[in-house]
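Same chain, two partners: subunit A is paired with subunit B first, then with subunit C.
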Partner chain A sequence: MKATAAQRRQRDARIGSVVSLILLIGAWQLVTATGLVPDDVLPQFGDVAVTWWQLLVSGELVQQTASSLSRQATGFAAAVVCGVSLGIVMARHRMVDDFVGPLTSVILPIPKAALIPLVMLWFGIGDIAKTIIVFLGTILPILVSTYHGAASVDQVYLWSARSMGDNARTLLWRVVFHAALPEIMAGVRMGLIISLIVLVGAEMLAGQGGLGWMVFFTLDSGAYRVTYAAMLTIAVIGYAYDRLFLMLSQRVLHWAEQNP
Partner chain B sequence: MNVAAGWLSAALWRRLRRCYSVLLMLAIWEGAARSGLVNPFLLPAASDVLANLWRMLTEGQLLYHVLQSLMRAGAGLGLALVIGIPLGLIKARSRLANSILDPILAFWFPVPKVGLIPMALLLFGLGHGSKIALVFVDALLPLVIATYQGALRIDDRLVWSARSMGDTDFKILSRVVLPGTLPQILTGFRLAVTVSLLVVFLAEMVASSSGLGHLMIYALRTLETKDVFSTLIAMSLVAFIADGLVLVLRRHLLVWYE
Partner chain C sequence: MAAAPRVPKIVLRALHKDYDDRATGRAVAVIRSLDLTVGAQEFVCLIGPSGCGKSTLLYILGGFVPPTSGEVLIDGRPVGPPGPDRGIVFQEYALFPWLTVLENIMYGIRSEKARGLRRLRAEELVAKVHLTGFEHYYPRNLSGGMKQRVAIARALAHDPDILLADEPFGALDTQTRSLMQEELLRIWESDRKTIVFVTHSVDEAVYLADRVVVMTARPGTVKADITVPLSRPRNFDVVMQAPEATALRAELWRLVKEEVLRAGYGA
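Let's look at the complex of A and B:
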């Protein structure tokens, strides 16, 4: 049986990813084992892997990951709920748009990193402050893309839903929300990526546990293997989160045309 | 006369409707700080923040820090342009390169690269090097991906006709492929500029002795709260102007497009 073109492409991609992973790890091991890069700058991959396993077994890694993820998840979930609902309402109600729209365009250019010291000033360095940083950093991209999605909903959908007796509230939920979903998901993905950036940055600056703290404070004590193990964990979490999100969004958006 | 007056007030009303919320917020901010409703230490009045920004600009070293940040972001961004655009073109033209680069990019894209700050510090030290490296790895991806997607869209017939008229490969690349990809490259470039500033400020906050990020975190640690707010405004202005310049550049380069 001959493989179809799509299957062949998928197989190529899988082989490619394995090969490039082996190449990367091989290059890492090579430059460190030969002493080209000193051990106190980049430890050997094997050593980092062993340290990672020890941290995992001792529960340290799980604890820090859990504390990072709970901050991220709370702030991010709140940003999705507020951003999406505010975006939809803004797109459908001119008065809300007139009020929130200009404020958004003033706040949007502020580099998200600048929020960290500000929130630290107002809310301290605890869990609440970090959750708020994640919330503030992610709500705008979600809000803006929801707004664009909801504002460009085809009028015909609205007319037909209304003519079939939908009232204003079910119209917003059943028609506008669903029609805007592809753009909402694009904004949520952007927000997801930003949420991890600002969270790790905030943990580095404010401490109090979490992976960002782990990465940065082991640097001071010279435990570079732990530093690298924690950095790898951050990278894997970012990747896994994005994959998970793409799977979810394919499932939710199976009806929409997929962008290449 | 009446019509003109009516039109004028309508135009004025339109303007006002699109900015009253910002003015209202500014007024509330100013009023809350002036009346002592909120602690002016935690929220200095808007006018004080602006005056303080002016003072930092004329008497302080604000300009020096702005230039430090801009230099680091610019160097990293320049490196990313020089490497990212050719990488994107190669990825679009060669199946082999694509199958190797694709998984790396797919993995690298969602990774929060600020997590690499310690690695950059170990490899390149506390000075410019580590910030430039961080900006580079963050700005590279949007550029590679945008160039790749743009180059894929180029009509093969354009390449064929250029070749049939005797153009060399290099000429085809520089005269046909690159201009054809420019719109997408500039879209990627815009994202890269925003990301570069975000990363450079964050890296400066974590470990640096100069730059706007350093200025802001230093102000926080010494409890000069007015400086925190003034620096925030300076950062936003830098980001806003940079984005505006990219848009101007885009309009300039893409007169033929759109």
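Let's look at the complex of A and C:
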């Protein structure tokens, strides 16, 4: 069967990204192996790969990754649940909006890194503090997109649903949530990326394990290969997350006129 | 056939509706001193110039928009919030794009009924609007006419007493439109809902309605209330050639045109 234009386009894009990755790694290896860039500035890719493998086999990498991901997943999941439900209720109920709206517009512009010392002051440097930082950093983009999606639901959907027996409460889930889902998913995707950024930031500042801690701690002690191995792991996780998310998005939004 | 006296289903008395104009902050009268009675199982078309308040009237009947003053009675009781006693069809279809044809139609069938029964009822409606084979399509893959047939089936699914239609065929091409009109009449003749149908088209009103209500330019009120002297069932090609139909079309055109001109057409 002949491939369609869209399939060809997708295949080309895939080949393109593999080629650019190979070129990047090749250039890295070239400038370091020839001594053009000294080893203490940028270790050789081959050495980093070996270190990465050793860390993986020793279980060290798995343990740090697991502790990072459990903090990230908990904070992120809580942010999705709270952000989506609060956004929907705010968009459809004037009183909640009047009450919560000013709070979010004050908190929204604060750079999330600025929250880290504050949360550490209140909750210490343990898992709870980092989970809270992820939660705070992630909830606002999710809340804002959900709010805009839910506020712009077509009036005729709401009226149709009311005339088919929905009340103001059942409407929120049966109509508003679904109609706003494209915007919700866009906000959740952004939140997912931010969650990794703020988590790594929090782990750098607050220590006690995790990939961010690995990066920061080893930089201090001069074990640059480990630093790079940890950074690579973060990059791979970020990429895998985004791919997984896009797949999920296409599944739940298959009905939309335009897929994200 | 002499029309038997009908039980009044919808009664509007001294209805007023003002909207707040956001730009000027003043109230603008959309509907003024409107009285109208619609009998049970009657098919009434509302026509009038753009902005005359005919859609607003429909939304008031639906319970979506409150009247500023006056009485709105359905079965002798003041109109309540939107509910399954009144189905509604919009020009823009308003199908839920995340649900299939069958799921859209099942949406309003009460959930206390067993799932199997709901499905059976929905499938019956799919057949009634000639969409068999399209049950699992999503709205984005349907033509305008098909979408509107789903919308009609969906509005009828919970068996409302009243069907409100807001220019439902206004966005369709001419051929699809006349097929849809025939189909709507066929459905109405089999289950006899009370229908209030807003349209721009004089021909559509004459072909479909028992009575045509002509509204004045804004603020809208009843300008003329004319019984359509055509027997049923109506075949479009035959009935529209009848001298009564021709005379009525001319009369309605004249009435609507007066109001369009009064509304400041081109001014």
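The definition used in the following text is that the second predicted complex is superposed on the first by the 255 of 260 C-alpha atoms of A that agree within 3 Å, B and C clash if a C-alpha of one lies under 4 Å from a C-alpha of the other, contacts with A are read in each partner's own complex, and residues count from 1 in each chain.
Keep in mind that, in the parts below, a contact is a pair of C-beta atoms (placed from the backbone, for glycine too) under 8 Å apart; a residue touches a chain by one contact, two chains touch by 3 or more.
Computed from a predicted structure; not experimentally measured.
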{"item": "Fit or clash - subunit C, subunit B, common subunit A", "value": "fit"}
{"item": "Touched partner set for A:L244, first subunit B, second subunit C, both or neither", "value": "neither"}
{"item": "Which superposed partner A:Y157 touches (first subunit B, second subunit C, both, neither)", "value": "second"}
{"item": "Contacts of A:V175 with subunit B and subunit C, given as first, second, both or neither", "value": "second"}
{"item": "Centroid geometry (CA): angle subunit B/subunit A/subunit C, rounded to a multiple of 10 degrees", "value": "90"}
{"item": "Contacts of A:G165 with subunit B and subunit C, given as first, second, both or neither", "value": "second"}
{"item": "First, second, both or neither for A:V62, with subunit B first and subunit C second", "value": "neither"}
{"item": "A:A33 touches, of subunit B and subunit C: first, second, both or neither?", "value": "neither"}
{"item": "When both partners are placed on the shared chain, which of subunit B and subunit C touches more of subunit A", "value": "B"}
{"item": "Touched partner set for A:V19, first subunit B, second subunit C, both or neither", "value": "first"}
{"item": "Least Cα gap, in Å, left between subunit B and subunit C after the two complexes are fitted on chain A", "value": "10"}
{"item": "Complex contacts: residues of subunit C adjacent to subunit A", "value": "59, 62-64, 81-84, 86-88, 90, 92, 94, 96-99, 107-108, 110, 138-140, 154-155, 157-158, 160"}
{"item": "Residues on subunit B engaged by subunit A in the complex (per definition of touch)", "value": "17-22, 25, 42, 99-104, 106-107, 109-119, 121-123, 194, 197-199, 201-202, 205-206, 213, 216-217, 219-220, 225, 228-229, 231-232, 235-236, 239-240, 243"}
{"item": "Residues of subunit A that touch subunit C when the two form their complex", "value": "154, 156-157, 159-165, 174-175, 178-179, 181, 254-257"}
{"item": "Subunit B-touching residues of subunit A, taken from the complex the two chains share", "value": "12-13, 15-17, 19-21, 23-24, 40-42, 98-103, 106, 109-114, 116-118, 120-122, 192-193, 196-197, 199-201, 204-205, 211-212, 215-216, 219, 224, 227-228, 230-231, 234-235, 238-239, 241-242"}
